[in-house]
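After this come two complexes, each holding chain A, first together with chain B and then together with chain C.
Entry: the complex of A and B
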């Protein structure tokens, strides 16, 4: 076992290897799981940024038409984009805004609700996509008016649905979830 | 055969005959008891299309209310006259016809059809080709314009009113205006501009939306020169003599319809709303139709026409 120099060298090298492995296992400054977590976090951030950039670029023509006051054309452009990206939450939020501006109150609120249900980021004040301020203003402006409509026509299913929808937005703004 | 067996056979035969006659008579009584009523459906494009679209909905209403509703497809121009003669108990018309029947015969509002982005509302637009250079209402003077049918709120009235509001008299300031012949007038006006035959078209916002959805045109093909305010879309109404309870049941059936509601129609189970090209129904109020009233007054059209 320890008969010659060659044997002793072998045992010495083996011992060194075991010590090195122990050190790497228990005292290494960067362990494997941290690297994996960092990779995943980076991946998520990149995905989110890419998604936001894609949405802003794709729906830019709608925003431009709306900004120029051509809301009818903006809605038609939105309809066209719906063919390629059906059920996209960003489209629902834009549609809500355009419909409200044209006086379609109940439908505008319903579109906001759909957008928020599809993606909660739109109600999040910290999200780059967030429309927290816009939705807060919508609730503050429309809730009293819809209450009046419901009081005037208590059996109107259309206005009762609109009231439920605006209560939903109010609850999400207050931090409630689905 | 003994007399006893003969007697039993005769008795059984007599009993069967009696039961059959009884059940037949009872059946006749049940059919007799089921009332008959007529629903007038305004033709949008053609009688065949109206029957195909509204047949299942008509059957659904018949089954749920226990009334034999006859589906009557009616030409838009004849609708008011036939309603005045008492031909229909319920009506399905555009919002201008609703106003006419409301003002003249106190038609009761039941429910408004939801279709497209504006739900139970729609709008009229004036469009030109993207490369035409016609971008504003002021550019319309001296141009060739194609309208939809004359009693179409979103294919004629709204655009006529838009021009009047902008100080353009369609009767004097356009080089020419026309209305296409035959069915599918709304699509024809869009294609009239698309293929360059006319400078400007009076297109319903809903038809543009549907044509874009179907890939027939793109949003970039046209300039939206102007769009009217929104106003209610097609409407179900009830004649004044219909009892309140029945009218309310009719309304609730419409409001309760969901995309999953089905009916057995011509031996097939079909989705009621899908068949009728409707997204659902909304409960609007008569005051919601005031934009149509204002437009009709401004354009000197029925029911406010003055000569």
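Entry: the complex of A and C
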């Protein structure tokens, strides 16, 4: 591998390039434009923060109406917003919360499932939007009751669906790879 | 029986299986996602996400276990003078096989190692996947005896066998340097991980043992079909299962049941089909996803092509909504599995050596 001029020239060039690369990586000043182009992580963080701020601001009227105990008006406001932003997970989660407060258990659980399927962040304890504690409490409280309902009326489509939905939430709460 | 008990290789296989089962559970206990202490397909999806190959912000992390397996195997092969650049047979086919291996794994939610980790943690939803894996291996084994044969690679010039290990060494460096273009999830399953150095050391140890013992999940089941209970790899698999059950019980992660299992779904038919594809494909290309990583570490460029195919597949299954979730298997996942089965059937026809009249 060091036999003749050809080999030696290649080794010489290789050594030079390794030194140049080492210098470039560890000693050269970083070009500002390169940083801007490459900083994908910062872009994602900003996007996420902006998204959360947007959701909290947009859906604030719904939360305010719900806090004032006016759940029917809150649901109407939610519908209005859903026309502007269809398929938004935040709306599904809010709907779930409102329906549960109104006693519509099966429908509330279905709305939570839809929200979690649309965006897994809502089941996550680390996420700013996360409803981990709320969903855990829901599963713990409702699973035994729904099982009893299904046992009593095994042909009830509503309660069988609710049972499947609550199993889904239980599975998501258990974690695992997504 | 005495020969069986005094055979050093059999004990090496049993120890490898035992270590894999034990640490497969412990890594989850130390921080990896539930039932995913070791899962090659999940780790590849996380790695692909970290490299920017898919947009799922909950699945982006450079898992140190993957470089650990490959570099451990490489170190072991170098010390044992078994590192040799070999390959060159049907590279594009192998790349595509890697892609479809990932499709099958992600539709089931897990590679064959994770299948057994889920099973030994009490997850009863995996039975259909296990059945699919066995049927796939059975069909492929029948294929082998009927002349379906993909040529083994030959020794190659040029030292190309170091390229895949170098690529994964580079990934490991990126994990420590964390340049701005590498993405790391702050939530979701990719944000869950055991301490980096522990993961790396465990993976290096497993890589060394797997290289020495040739441990492979699908290889163990294939040998069981071919030579029965005399197959050493099968006893390695038994050791892995027993070790994982004991460790799951000791760590409190064993929970027998069908419902509420982490990373599981009830689309039993598609779990069956996904693992059928994985079992079938793995036997044809000479090993499960884990074994492909180990072989790539030994300088096998054919296995290296499978690894690259799996990495590409890991990006695509997430981007194209092919991978399953706890909600079930998507339409695209179902289509991809069927296309994979068409691919493997066609392969069996095209690679069959027929006696000339």
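Heads up, the rule we're going with is that the second predicted complex is superposed on the first by the 139 of 178 C-alpha atoms of A that agree within 3 Å, B and C clash if a C-alpha of one lies under 4 Å from a C-alpha of the other, contacts with A are read in each partner's own complex, and residues count from 1 in each chain.
Note that contacts are C-beta pairs under 8 Å (C-beta built on N, C-alpha and C of every residue); 3 or more make two chains touch, one makes a residue touch a chain.
Bear in mind that the values here come from a model prediction, so they are computed numbers and not experimental data.
Student: A:102 contacts which: chain B (first), chain C (second), both, neither?
Tutor: Touch status of A:102: first partner only.
Student: Go through the superposed model and pick first if A:63 touches only chain B, second if only chain C, both, or neither.
Tutor: After superposing on A, A:63 lies clear of both chain B and chain C.
Student: Touch check for A:48: first (chain B), second (chain C), both, or neither?
Tutor: So A:48 only meets chain C here.
Student: Which of the two partners, first being chain B and second being chain C, lies in contact with A:157: first, second, both, or neither?
Tutor: After superposing on A, A:157 lies in contact with chain B but is clear of chain C.
Student: In the superposed arrangement, which partner chain does A:121 touch: chain B (first), chain C (second), both, or neither?
Tutor: In the superposition, A:121 contacts chain C only.
Student: Could you look at A:82 and tell me whether it touches chain B, chain C, both or neither (first, second, both, neither)?
Tutor: A:82 sits against chain B, while chain C stays out of touch.
Student: Going by the contact rule set out at the top, does A:40 touch chain B (first), chain C (second), both, or neither?
Tutor: second
Student: Please work out whether A:175 is in contact with chain B alone, chain C alone, both, or neither, and reply first, second, both or neither.
Tutor: Second partner only, chain C.
Student: Can you list the residues of chain A that meet both chain B and chain C?
Tutor: Of chain A, no residue contacts chain B in one complex and chain C in the other.
Student: Residue numbers of chain B touching chain A in their complex, please.
Tutor: Touching chain A: residues 117-121, 123, 125, 205, 208-209, 212-213, 215, 218-220, 223-224, 227, 229-230, 255, 282-285 of chain B.
Student: Sort out for me which residues of chain C touch chain A in the complex.
Tutor: Contact set of chain C toward chain A: 33-36, 39, 42, 45, 52, 56-59, 109-110, 114, 179-184, 186-189, 191-192, 259-265, 325-327.
Student: Quick check on the complex: what are the chain A residues that touch chain C?
Tutor: 35, 38-42, 44, 48, 113, 117, 120-121, 124, 126-127, 130, 167-168, 170-178
Student: Which of the residues in chain A come into contact with chain B in the complex?
Tutor: Those residues of chain A that touch chain B are 70-73, 75-80, 82-83, 95, 99, 102-104, 106-107, 110, 153, 155-159.
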